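Next, two complexes with chain A in common: one pairs it with chain B, the other with chain C.
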Partner chain A sequence: MTSQPIDEPIRVVDRRPVEWLPYLLSLPALLVCIGILIPFVTALYYSALRFRLNLPALKGFIWFGNYINLLYDAEFWNTVSISLRYTALTVGVELVFGLIIALLLQRQTRLNNLISVLLLLPLMTAPAIASLMWKLMTNPNFGILSYLVSLAGVSDFGWASSPSTALFTVVLVDVWVYTPFMMVLLLAGLRSLPQQPFEAAALDGVPRLFVFFRITLPMLSPYIITASLFRLLDAIQQFDIVYAMTQGGPGNTLLVFQVRAYLEFYQYTNVGKSAALLVVLWMITYVLSHFFIKNWLRLRERSHASA
Partner chain B sequence: MERSSIIERVLRAVLLTLIVIFFLFPIVWILLMSFQTNEQILRIPPSLSFVPTLENYKALISGHLLTSAGSLDIAFMRNLGNSVLLSTCAVVLALILGVPAAYAFARFKFWLSEDIAFTLLSFRFAPPLLVLLPLSLYFQDLGLVDTYVGLIWVYQLIALPLILWIVRGYFEDISPDIENAYRIAGHSWLRTFFKIAVPLAGPGIAAAGLLSFIFCWNNFVFALVLASADKQPVTVGALAFVTASGIQYGQVAAAIVLSVTPTLLLALYAQRWLVEGLSLGAVKG
Partner chain C sequence: MTDRIKALFDAYAAGRVSRRDLMRGAAHLGVTAATANVLLGSSLVEAMAADYDWQAQKGTAIKLLLNKHPYADAMIADIENFKKLTGIDVSYDVFPEDVYFDKVTAALSSKSDQYDAFMTGAYMTWTYGPAGWVVDLNEYIKDPKKTNPSFAWDDVLPGLRASTAWNGVPGGELGSADAKQWCIPWGYELNNLAYNRTMFDKAKVSVPKNLGELKETAAKLTKDLGGPYGIGVRGSRSWATIHPGFLSGYANFGEKDLTVNGGKLKAAMNSTGSKAFHQQWVDMIRESGPKNWSTYTWYQVGADLGAGASAMIFDADILGYFENGGDNKEKGNLGYAPFAANPAAKAPTPNVWIWSLAMSSFSKKKDAAWKFMQWATSLEHDLFGARKMDFVNPVRASVWKDSEFRDRIAKSYPGYLEQHDVSAPGAKIYFTAQPLFFDVTTQWAETLQKMVAKEVQVSEGLDQLAASIDKQLREAGLG
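Coming up: the complex of A and B.
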């Protein structure tokens, strides 16, 4: 390496990378993008077709026919209602539960850190496998939870196999898997808050509840909003847990969007209707993800500014 | 905080104990079940006194299950191998595609750069079946149905956004001055990338790789729709295994234990990066 004399101007000829370089670097990612956009556009096209795999002769373009049929289909509204209930229940419970756990673990002690790591394990279990675990525990013949419930005097608690308790059971599994997600994001948020307002409040003897609602919650809100939107986006599309636990049953009690679309495709081979259902779901998630990305970007900028 | 009363401390301890029991009991219980025979599992009331047996694991590894209905051959080990192969290849491919792109997005503003980055991010939040169901028809036409290649490509939907956005954050945190200095010293752009940028972003690249491995491993719906029977990973295989008739419950438990052990161990190892990975790089732990 030759060092240049200081007064000699540095040559800038090839310092800037060639202009096509960024394109070359991002080309593979772009190709993957295009590769995914093709089936996406195909799905949009299918949703405008009368298209049943078992009746290929009837295939034809019907514009918004599938969507209009959905509007008059009571089953569709059942799907909307069950998906919304599932989403509201899981995200609501997980948020409250996750916030409580995060507050309990806020202080950095060795025990708290150990607990917060151990609580991550459910989240790292595949949701489909987690469902199997709960299936074994709620089995009517030998399931430990069935036994515990029977000790409490309820002998015919049906868990996932009874229409009255199926929603409760899948929500329970979802809460078990995803509460740690809320916990871990909110805990990171809590620990990153500036300490001065809390110290000042403690000096002034401000009551704890007042501190929580007037200082902690407002300061934590970007984390709460981002984590909740994240979970909302996932919960409204939940497939793994519902499919592995009950395949949408018993009856039509748990036919959430994606499970219904899956069955519509494979059981009834109605490709057009299945695609229309998924496009409706996509429009919901698209709107949600718009809000999500805005919040997410703000949080991202903040964490990089402080790093 | 400091002057918490005794009542408060007791309450806190009780709450934390309940929380730990709720979240860890299922894992511990299934682990215990996997060392029991069917007779022990079916005891009422359930009892913790049993002589641990390895029969369930032996049966899974040998692939021959003795059931009440006779002998049954299963390919659970093959599922496990598929999971390893699919997740590893998917992550390696995603790193090869994603790290240079992350660098480009972090260093240069160019035409469509943000659009591509956000399109990739939005894939993470679109309903997977919307893409998977048409894809399953395309795969039949393209002859990709019975291959690993098709699955590995589709797994990019999980791994690529994660890698792109985490690694991009790491590149943005490195001052470009270091790279410029190295380039002024006469080194090529490529050399700067490999000698300076990649090593400095190393922790981020490792974190993103580990996390995408976990998420690929845990994925269920992609393989359910696209994989033929002999290409299925454990998530799909375990479910098929349970619905097979006359299965021994201890063997189901053992299959569950084998399916989750790799990700749980990796998660414990990678736990300091989990916050960042779970938030797609928005929150630092």
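Coming up: the complex of A and C.
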């Protein structure tokens, strides 16, 4: 009979069943993540190629060549400029209008509830269809808006067909479609704000403007940032309204990122350049959303601290 | 009685009985017009089947990608005869033109075998051919085992056959001996004038004969009519703005899009003659074109003419054809005229647009697809479309000689045949065949828009355009 030395480590066999459930539950998320990453990595790969479908002999790696070409291309900087201006204008105007409408509808009455439902109708219209409707309304021969503008003494307003008014026109359509989106989010925010500060201010007889700027707006900031972020991500990737109304014209007036990338691929079959444009758009979107989310987190922390 | 009726229609299909005798005989036997159409289709099908094995792919199913167009409508109206003739089942997707070519590009670039054959234009094959997306149809046309002996390829107008064949060499001549036949012509458009006769009478103007007169006439019409504008031409930021009236007029002055020298391409839009033409064109649009010209596609150009919003158009002749019928306000008021923009030119030079049928390289049922393409471009179907439907302009010379077709057009569309016959000899594709066609023409349209909007002077704009095109050609190894 042999005895086991005392100092030998005791092997402990873990006979508990393997916990597969957490892995199983996260599997769908992993699959979605892979589903997102595959096209993204493919786009990065294509952006490193000189690749036109109709000139297959030219295909080859040029690494950052497409990006460098973009940097030296005045048309590219025009695209950056118009995309950012479009985004700033649409998000800014929609935020102001959305906030005003939300404030007007803040009190829950039957009429306000009805109006808030009716105001959602534009949001239910596909942007491409909305663009066609506006194209008809701004037609100089029979468009109702052209007629109304002519009553005000402006006979040759160009709408989407003139470089000086094209941006205004597409922003107008975007505002018509998406202001209700802002309104809904901000209205939900307004109605969920705690009432005590407002009641205290009312008891103290604080002027309404002061209440708005010092109480309502700071408390609503997380909602404003969230709503603006959603709209910003959508607006900088604008395609349907601009393409349906102008195809990027007149001239290159409205050649925003998505329209340009679309034309590069579908009309010119320039896969490499199209992919590079979309990767640059992704970078810009990433930087802007990072900035917004950082501020949103800061404001949320501040509001938690003050609570 | 039934046998006698069938024998009569079979005799007509075989060419033994004239149309007049057919109609007289059918009336004598008490056949209604609707029944006559069915019997005629059936007899033509049987006549086609006489000396070729149409049933070799019986039981196969093919799928087509179609643009929403009267040509496609005529084909769909007759498709049961094809199914009966071949035993091949046919399904199809139809898309509006705004998105049609994007759909084609998406389907072909993904190497999908979803579609076996599809509608295309000749310019598109300059992309599809080099990319390897479409089949060189010479493999079929020149193979007697695969092609019906009565297909009569030579009956298709020679200019159209040449315009749809290219050797793939940038700048290579269309229809050269080594060219590949990328598609089969199906129907085509010439670019000439269509005008509102009532408005012309009211303004007391005659049909303009050259670009200078066109500009003056359009200005007078705009001024005198007090509502409608003088001239409708396309203006959207697209290749489609360049190819109709614009290029037809441009080519009439002997001007080129590109020059080919030692196999290298070079932009030619900034020549002195080109600048003079552009200046007149831009001035004409500013003075007498639609107010929102930069959004105008073929649809708006045609719709305005039919609705009486414009007095004339310099665009596809079939636009004037369609706007002269249907429920259009100006139905019956439109006239047609051939147009040579250059006062020194001997004849018009319309740039031609050819709706064609192409076969996908990724099709797994190529023989069945070829059967369909033969049938759809056959004399029998062309005749059916020309006589019974709105299949204008038919691509076969023999159809243009068909008295029933000519009588119908002459009666309902006075002047249409004359404008066609005068301008057809000078009709061809006036673009240089090369893979950057869409890059060049889209940027050209963009520059035109800038000129009309006074964002850039004509001369400066064309110099910038030519420099940009040359840069792109060099980058693509073509310049």
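The rule is short, and it goes like this: the second predicted complex is superposed on the first by the 252 of 307 C-alpha atoms of A that agree within 3 Å, B and C clash if a C-alpha of one lies under 4 Å from a C-alpha of the other, contacts with A are read in each partner's own complex, and residues count from 1 in each chain.
Heads up, the rule we're going with is that a residue touches a chain if its C-beta (ideal position, glycine included) is under 8 Å from a C-beta of that chain, and two chains touch if they have at least 3 such contacts.
A quick note: this is a predicted structure, and the numbers were derived from the prediction, not measured.
Peer 1: Taking the superposition as given, does A:56 touch the first partner, chain B, the second, chain C, both, or neither?
Peer 2: In the superposed model, A:56 contacts chain C only, not chain B.
Peer 1: Could you look at A:135 and tell me whether it touches chain B, chain C, both or neither (first, second, both, neither)?
Peer 2: After superposing on A, A:135 lies in contact with both chain B and chain C.
Peer 1: Of the partners chain B and chain C, which touch A:96 in the superposed model: first, second, both, neither?
Peer 2: In the superposition, A:96 contacts neither chain B nor chain C.
Peer 1: Per the contact definition in the header, classify A:144: touching chain B only (first), chain C only (second), both, or neither.
Peer 2: Only chain B is touched by A:144; chain C is not.
Peer 1: Kindly classify A:42 by the partners it touches after superposition: chain B alone (first), chain C alone (second), both, or neither?
Peer 2: The first partner, chain B, only.
Peer 1: Name the contact category of A:246: first (chain B only), second (chain C only), both, or neither.
Peer 2: Second partner only, chain C.
Peer 1: Per the overlay, which chain contacts more chain A residues, chain B or chain C?
Peer 2: Of chain B and chain C, more residues of chain A lie in contact with B.
Peer 1: Contact-wise, after the overlay, does A:158 reach chain B, chain C, both or neither (first, second, both, neither)?
Peer 2: After superposition on chain A, A:158 lies in contact with chain C alone.
Peer 1: For A:268, decide between first (touching chain B), second (touching chain C), both and neither.
Peer 2: In the superposed model, A:268 contacts chain C only, not chain B.
Peer 1: For chain A, which residues lie in the overlap of the chain B contacts and the chain C contacts?
Peer 2: 135, 139, 141, 265
Peer 1: Over in the complex, which chain A residues touch chain B? Could you list them?
Peer 2: Per the stated touch rule, the residues are 1, 10, 15, 17-18, 21-23, 25-26, 28-30, 32-33, 35-40, 42-43, 46, 100-101, 104-105, 107, 115, 117-130, 132-137, 139, 141-142, 144, 147, 176, 179-181, 184-185, 188-189, 202, 223, 226-227, 230, 233, 237, 239-240, 243-244, 257-258, 261-262, 265, 271, 274-275, 278-279, 281-282, 285-286, 288-289, 292-293, 296-297, 299-300, 303-304, 307.
Peer 1: Can you tell me which positions in chain A touch chain C when the two form their complex?
Peer 2: Where chain A meets chain C, its residues are 52-56, 58, 69, 135, 138-141, 156, 158-163, 245-252, 263, 265-269.
Peer 1: Give the list of chain B residues in touch with chain A in this complex.
Peer 2: That would be residues 1, 12, 15-16, 19-20, 22-24, 26-27, 29-30, 33, 41-46, 96-98, 100-101, 103-105, 107-108, 110, 113, 116, 118-123, 125-135, 137-138, 153, 156-157, 160, 164, 169, 172-173, 180, 183-186, 189, 214, 217-221, 224-225, 234-236, 238-239, 242, 249, 252-253, 256, 259-260, 263-264, 266-268, 271, 274-275, 278-285 of chain B.
Peer 1: Which of the residues in chain C come into contact with chain A in the complex?
Peer 2: Touch list, chain C to chain A: 101-102, 105-106, 109, 126-128, 130-132, 236-239, 290-295, 304, 309, 435-436, 438-439, 442, 445-447, 449-450, 452-453, 455, 475-477.
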